[in-house]
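Okay, so subunit A shows up in both of these, paired with subunit B first and subunit C after.
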Partner chain A sequence: MATKTHHCAKCQQRATVYDVGGSKCDSCFQQAIIHNFKTTISRKGLAQFGDNVGVAASGGYSSQALIDLLGRSLSEREDGKTSRMKMQVTIFHIDCESPFLSSNAGIEVIQPLAAKYSFRVCTAKASHSCQQLWKQVGECLAWKDVKDIGDLEELSRIVVYRMVAFLAKSQGCKIVFDGLNASSICRNILTSISSGNGFAIPFEVSPADMSRRFFDISIHHPQHDITDRQLIRYVWMRQIGFIAPNLTLLGPTSSVDSLTVSFLKDLEEQHRSTIPNILKTSSRIVVPLQFSHCSLCRVPVGSNGKFVSTCTKVSEKNDNEEQVHALLCKACQHRQGRMSMETFQSFLTSLMVFDKALQSQDNE
Partner chain B sequence: MKRLCSHCGKSFANILVGREDKYLCRCCFFEYFEDTVHRTIVEECLLQPGERIAIGASGGKDSTVLAYVLKLLNERYYYNWDLWLLSIDEGIQGYRDDSLRTVEQNRDDYNLPLYTLSYSELYNWTMDQVVSQIGRKSNCTFCGVFRRQALDKGTEKIQANVLATGHNADDIAETILLNLLRGDHARFSRSVMEENANYRMSIDSDSKKIRRVKPLKRVYEKEIVMYAYFKKLKYFATECIYAPFAYRGHAREYLKSLERIRPHSISDILYSLSCISLEDSKTRVGQQCIRCGSISSQNICKACLLRTSLDRGQGVLAVKRSGMAILSKNTVESEIPQTVSESSTESNIS
Partner chain C sequence: MPQVELQFGGGLESLTGGNKVVPANFSGEQVVLGRVIDWIRTCLIKEKHEYFVQGEHIRPGILVLINDVDWELEGKTSYVIQEGDRITFISTLHGG
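Then we have the complex of A and B:
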């Protein structure tokens, strides 16, 4: 029985990728991804000509694809014309050890790719302040005290993003691109809804950072319209190295995040338009004009008493004893209930001190 | 190891209320459950004293518990509600005929009047006949639309002011997720607005809009099951034979897995809903269907369109978006000349 050969919808060559937009050959698929990437940056105003841009890279396939896409967008085009995009790019990598971060594997895959496009690489170990923060947080947070794997993942993420913001500030970058793609944005939307943080959804779904979570630093998501499946395919086609996720802790029901990821993957197999549907519906939610930030995770929180409760008094002992009130989102309130009060409070205190340092750096 | 009840501290606990991490004895659990329902009714002004209330009764655990609790609260607080059981027979053999027997048992046990309407009476179609025409996919679309209208008609027939349904917190959370996953923005925004009590529909003054309330909206499905079990209430516990293929199953599966990891997820989803505000969509103007007189946003209501599609043997078209547009256009075009000629005939006669 003869097998049917599919042809690329654009150039009629033999198709190798069967995507939502139609069959494509390798070359047209890559062009489509680059076009999508550049369009998101220009239409959403994520960066302007000549901007100093940082890239938060963990070494995973998403951030590796981001570096490669950015490099190709800024390089000379294949038809010999100069690229219209021009940016100074610095790659930030947090290489401190934790249950979720391995210090060496990420940098080994990032450096060759960065060198290919002449991007500078800046690591946390090279920054004294970041090392101090990590040491402080690591000492006060007894990781074995945190029994919920979802909390472990989230707390690591909270610290890593702050360190990226600090590194970006020290290098003079006001804009940072991270590797969040359409699938991970949908995962964040579902976990926000299920943890009581519905208020943050319009901020999660937007490719541009409207929440000003880290004061002057904006963390944008230029891969907003590209799914996991497309990125993995892209990375495989371009033969880009990446580090695989830590699977020992990521069973499908080990945490809310991993449950959501496996649910979305299964659903996408049966209903291909799931990811675009979620993004389309969520984008209709109005962005609130007035909001504050959770003191722990920096997620936007409603300023109306209905949405938020101030519930933690953290004492910060300087020369004068000072009482500091913290604002917590719903998810962090639950997190507080799952950890010991002492651990939670000391962790929160060190983060608030770090935020003060980041803010005072803004004012200088 | 036996624990003492967190509330009274005297008896041993039988039940864990997962979302509040409380261990309760039987009596305290009954009190907690009934109090939650009563607070929902009072705080959200769902029901007024002296009203005639139609309780959508399918014979399942939700409607059985709802009927029991409303009767209990009525006697306890002297609300003087006139409670009626309203049951819809979809015509599903091996499922609905058995559950109707349970509803009749409830009528006798709780001493409440019962009114039953069937699809065959209203639409000349049973669900078994519908499925034989369209197959097992998208049959919930027909059943849902028909049932909604049937409940409205039944409520009108018994002259009730309000229709109470047994939707619980799990159902509402599932609906939110379902509409989000399917990208159904219209239904998603309606469920957000209904939960935030902002839903307004412009209606004519003499329109017959039935008020719909969900007194069990803050109660978890597990709590309903435990309440029915400990109170030894009789209910019909089998899933609809056509349900396994519904899209809602995906949202339900996700929600159940989520609840196992974080028991408070369901109330967190409802809380998230209260934090969301949506773009101003056009206010839908309610008008009357030119065929059956039910409230509809179009000239002809969805139930009449679906029924027309079945009568013409085009049931499958009705569940496709492009098919619906064609069907709607053809039906409206064929209806309007008919109504114009009817009205001109009437004026000639007068």
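Then we have the complex of A and C:
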């Protein structure tokens, strides 16, 4: 029995992409994605004309799509004329080794794509001060002592984002775009709820960074309204290389994040509008006016934050230490319970030193 | 006896021994895509089947393309494979 031919909802050519808003041909699908991307940047004020913008790139499909979308947005318009958007773009890639970070594999796919659009690439290994900070933080953590896979993933993310902020600051970028997309934002929202960090939701759901997590570096999410399925479809269609994890090393039930992703995928299979519904509903939560930040993961914290004591060096010139109080969000309080006190204190202290370095860059 | 090309991406290639492209022949006429998926599950993937299938169905979160067209537009598992078809499986479950 012959399959019925589907037509593009926009141009009536043969449809190749099954999409929530109606099936589309390759060309109309790509135009819709670019339009969505540019609209998010302009309507949410993520960057202004002439801004110096950083892009946090891991080499995965989402950040590769981000580089390509940004490149195309800056160089072309639908009517073929030169784009009105203008930004100086630098790609930031953290290539220090940790259990969940790639070393050279990411840069091998990032560099050709960055070169295509004449974007500069800046890596952690190429920055002496960043390497020094990595030594203080990344290497001090006894990764083998962290048994929970979810904790390992989150601790890696905590360090990587700080290093991206540090690199951005060193290159004069106050704005960084990351590859978080609609699906990963929904995952973060559900994970925040299940770990007791509901206070962070209005910050997580916003495409613009309103949390000031990394002092005066804003990390925005221009792919906020694009799902992971659409992004991977986009990079595949454009034949853009990306790195992918070795699935034999992980299990689908290995972490809260993985379980949440599986749950979302199952829901989406039956109810296609799951992701937009979660985003729309969550965006109705009012952003709190007053909040603090977790000293470990830097998410905004409300009344369920808890102060813990730790020791930190007064200065690099001597070994004198002073006792300081660190604030932990609910998720990090649970994380503390799953790690040895020594490992946790060592990591927390190093991060606070890192944050002091990041803040001192602010004052230069 | 149609010969098809199976492609794996998004990390699924780690389940097929690192092979991103696998040619395959299927005997008989009117071979549907469901039978191809069953063959992949039982003969090609040696471990971590849960990353590819959920019971007898493709796991939610895996994009399936038939000659670069979403399989939802081609009848999904009922699609009858043709000589020279390229069937692509891409996982969206990790990374990004």
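The rule is short, and it goes like this: the second predicted complex is superposed on the first by the 333 of 364 C-alpha atoms of A that agree within 3 Å, B and C clash if a C-alpha of one lies under 4 Å from a C-alpha of the other, contacts with A are read in each partner's own complex, and residues count from 1 in each chain.
In this text, a residue touches a chain if its C-beta (ideal position, glycine included) is under 8 Å from a C-beta of that chain, and two chains touch if they have at least 3 such contacts.
Predicted model, so just to flag it, every value in this text is computed and none were measured.
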Partner chain(s) touched by A:P276 [first = subunit B, second = subunit C, both, neither]: first
Contacts of A:P207 with subunit B and subunit C, given as first, second, both or neither: neither
Contacts of A:I232 with subunit B and subunit C, given as first, second, both or neither: second
Touched partner set for A:G106, first subunit B, second subunit C, both or neither: neither
Partner chain in contact with A:P300 - subunit B first, subunit C second, else both or neither: neither
Subunit C-touching residues of subunit A, taken from the complex the two chains share: 3, 6, 15-18, 23, 26, 58, 60-63, 179, 181, 183-184, 228-229, 231-233, 236-237, 243-248, 250-252, 258, 261-262, 265-266, 268-269
Interface residues, subunit C side, partner subunit A - complex: 9-15, 47-48, 50-51, 59-61, 63, 65, 68-70, 72-75, 79, 88, 90-96
Subunit B-touching residues of subunit A, taken from the complex the two chains share: 150, 189-190, 192-199, 201, 253, 255-256, 259-260, 263, 267, 271, 273-274, 276-278, 280-282, 284-286, 288, 302, 306-307, 330, 334
Subunit A partner contacts - residues on subunit B that touch it in the complex: 176-177, 179-185, 188-189, 247, 250, 253-254, 257-258, 260-262, 264-265, 268-269, 271-279
